[in-house]
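One structure below.
So that you can tell them apart, the chains are marked A, B and C in the order they are listed, and the count of residues begins at 1 in each.
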Amino acid sequence: MRQISMRELYEILKQIFPLGELTEQRSNLAFITVDRAQLRPLLLHLRDREGFTHLVLLTAVDWIEDGSFQLTYLLCDRLGQRDLGLRVMLPRDGAAMESIHDLWPTAATYQRELREMFGIAFPESPRVEEDFILEGWTGTPPYRRDFDTLKYSNETFAPRPGRETRDPEGYMKEQLYPDGN
Amino acid sequence: MRDELKKRVVKTPDGQELEIEPLRDYYCEAPPTVMPAAYSKIVEGLFNWARAESLWILGFGTGCGAIEMRPLMTPRFDAYRYGIQWRPTPRQANLFVISGYLSVKTLKRVIRSYEQMQNPKYVVGLGSCTINGGMYFDSYNTITRLDEYLPVDVYIAGCMPRPEALLSGFEELKRIIKSGKAEGANRYAENFDWYKANQKRVIQDWDMPDYNW
Amino acid sequence: MAYRPDRSQYPSRKADGSLDIDLTSGKYLKLWQGPQHPGITGNMAVELTVCGDEVVEGKTHVGYLHRGFEKLMERRTFIQCFPIVCRICVPEPDFNEYCYAVAVEELAGIEVPERAHWIRTLILEMGRINSYLMYLGGQAGALGQGVIGQWTTYVRDLMLDRFEELTGARIYHMFIMPGGVRDGLPDGFHKRMKKTLREIEKTLDDVEDVMFNNAVFKKRTVGLGYIDPALLDTYGVTGPTARAAGVAKDVRKDQPYLVYPELDFEPVVGRDSDVYTRADVRRRDLLMSVDLIRQILAKMPDEGPVMTELPNVLHWKIPRGETYVRGECSRGEYGYYLVTDGSGYPRRVNVRGPSYTHAMALLERLIVNCNISDVAALMVSLHTYPPEIER
């Protein structure tokens, strides 16, 4: 069987589903933006018809300036030696997403992590409300961009005095060119 | 708090109803006391010599430093020849090696394990991350100073320290013990409230007794 | 007489699929294995509910090693991230460096010299040997054979010596930088490496005699922890665990990277998909790595640059983009998902460790109906390292 390129696959998929833009990163890796409603049928189609049987990862990116979360579902077709990432944009306020744990049981773990680290709700996912990594965390979910980890650490953990922090650029300039040239 | 730790009423097989509160019922809540030195200096010196020559380490790898414990146990570095060995339970150990960064979740378990160890007990902080946070000085989940939460006798700097550094750290600890200055457990007992306040400030979800033996 | 478990006491399922376990009935006992427990891989915990000697439910608890790397990297420049990435996984840190370096190179458009590729492959294979040696010791130790751990740790130490002369560090090497590697091979490295490899092979012969031909080891591990090959993709199983089930999943062959296309090897495949086969596949994979290192040493160029000229690292800005880079580490597929936004800092890094799926969903499934004494062996056989689950 001739190996089809990612663009050809995109054209095939586009006849069935309304798709967003395509980013070809490498010849065997591409990312497609998908609408939230299209995600589940598209995942099923890719898994059962196109051979993308392996869910590599499910993660989120916080685009705080656009007010949205990007969920990335990365699928791998081992025999076809290619990967396809699906990007789903969610509004940042009250972010919630449908669970896909019935397609891949491992997705439940990813969703638990996203729930805890980004505060994205996955209502039907099993054990999603349980603590996963953190214990008794009540503040801003730590992976959100508006959470300042250094400030939190300094306030909470009583740092040992005597630590000097320098801006690398200024410090190197000072060390290498002390007379200011 | 987990369900099984909550106060509740249970029914015994013979029909009685009992009110139980696991956090109070199952543990002795008396705080630790200061252990006085032996009555004579010679006897105390003998005790300290014996303590220094049998450092039994609790086998709890709390961080990445645990990987250098394995070479120490094996013939190449062979810490056993110095009377150092690893034990599986806190009851049999008197040296707690905090092997690297401590996340808040582990800190809670470390405190429980430390309190279950028998006196006299010692703590060695391994790696830069126990001293000032090291690589993780800005992490929201790792503590930056171990001595705020547990009394530390010796710090071994490095990321990660080599087995030779560990051996030299243990030798230093022996020297301190022999000179009678390794009073970590007593410091913990004396400043018990200060340590508990520090621990409770960091551990959000405190569902254990204040002291457990 | 064959052991027949008594299933009459087993809990039934509730309508929502969870088990109907009433702890006050006295039939069940909740047992924590870990985090302070010698029979646990690293610092994690398994919460077991047992009925007699059999596990009816197991839940993995992680997070004891969480440092928030993905957050810390967002506030470090690209070059500042390089020294911290290796600390994600202790026994085999080089894959973090490799995946991170390649992801950065791909998005920044940096070309790497040919010789650096060979040295990178060499380092990754050396790390794989270390990791497998540690695994063999752990697997035997979980079944009470402490001596295997003593032997394998000794030869692992010899390999650490080679790492030390090559990179200057035993555990965290910080050698594979974006743009190449830090240095070439030292003088006489070939000879000493070959001696170490011979030593490893000799030890593995002994390990085969004492561990794999041991009746107790066979009796306890054959048939334990069977993974149905049909479930591999559903549970995201990769690496030797998948190869032991008869599926030749190996990133080195499936999506060749570095100089693997020029090396002569076939993925090691097992058949029975139980703990014994997984241990055997890893042992044979280790021997294959020994062979690969010999091939690399014979074929690699001796001269040439190992590092590209990089622009001033303090002014690095990488245009907006996202990529995923994977490699085959000793436990399965290791990958980095890197998103950049045109600034000098990564926008988001996600580390995909193989243990993430193995230790959570898969272990929770396999552990049911297993005996308490076999839990440690089963857990070790999945070869999980908790730091890559929680980072």
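Observations
In this text, a contact is a pair of C-beta atoms (placed from the backbone, for glycine too) under 8 Å apart; a residue touches a chain by one contact, two chains touch by 3 or more.
Everything numeric in this text was worked out from a predicted model, so none of it was measured.
Measuring from the average of all protein CA coordinates, the nearest chain centre is that of C. With A-B and A-C as the two chain pairs, more C-beta contacts join A-C. Farthest chain from subunit C, judged by C-alpha centroids: B.
Computed centre separation for the pair subunit B/subunit C is 29 angstrom, with centres defined by C-alpha atoms.
Once the centre of each chain is set as its mean CA position, subunit A and subunit B turn out to be 38 Å apart. Each chain gets a centre from the mean of its Cα atoms; for subunit A and subunit C, those two points are 22 Å apart.
Shown for subunit C are the residues that touch two or more other chains, namely 63, 66, 68, 71-72, 75.
Residue positions of subunit A with contacts to 2 or more other chains are 133-135, 142, 147, 149-150. Multi-chain contact residues, meaning those touching two or more other chains, occur in subunit B at positions 105, 138-142.
If you check the complex, the residues on subunit A that touch subunit B are 133-138, 142, 147, 149-150, 152-153, 156-160, 162-163.
By the touch criterion given at the top, residues 17, 62-63, 66, 68, 70-72, 74-75, 77, 80, 106, 233-236, 238, 249, 254-255, 314-315, 321-324, 326, 333, 335, 337, 339, 347-348, 350, 352, 356-357, 360-362, 365, 390 of subunit C touch subunit A in their complex.
Considering their complex, residues 4, 10-11, 13, 58-64, 66-68, 70-71, 73-76, 88, 90, 101, 103, 105-106, 109, 113, 135-136, 138-142, 159-160, 162 of subunit B touch subunit C.
On the subunit B side of its complex with subunit A, the touching residues are 104-105, 108, 131-133, 137-145, 148, 198, 201-205. On the subunit C side of its complex with subunit B, the touching residues are 23-24, 26, 30, 35-38, 42-43, 63-68, 71-72, 75, 83-84, 87, 90-91, 134, 137, 149-150, 153-154, 156-157, 160, 170-172, 387.
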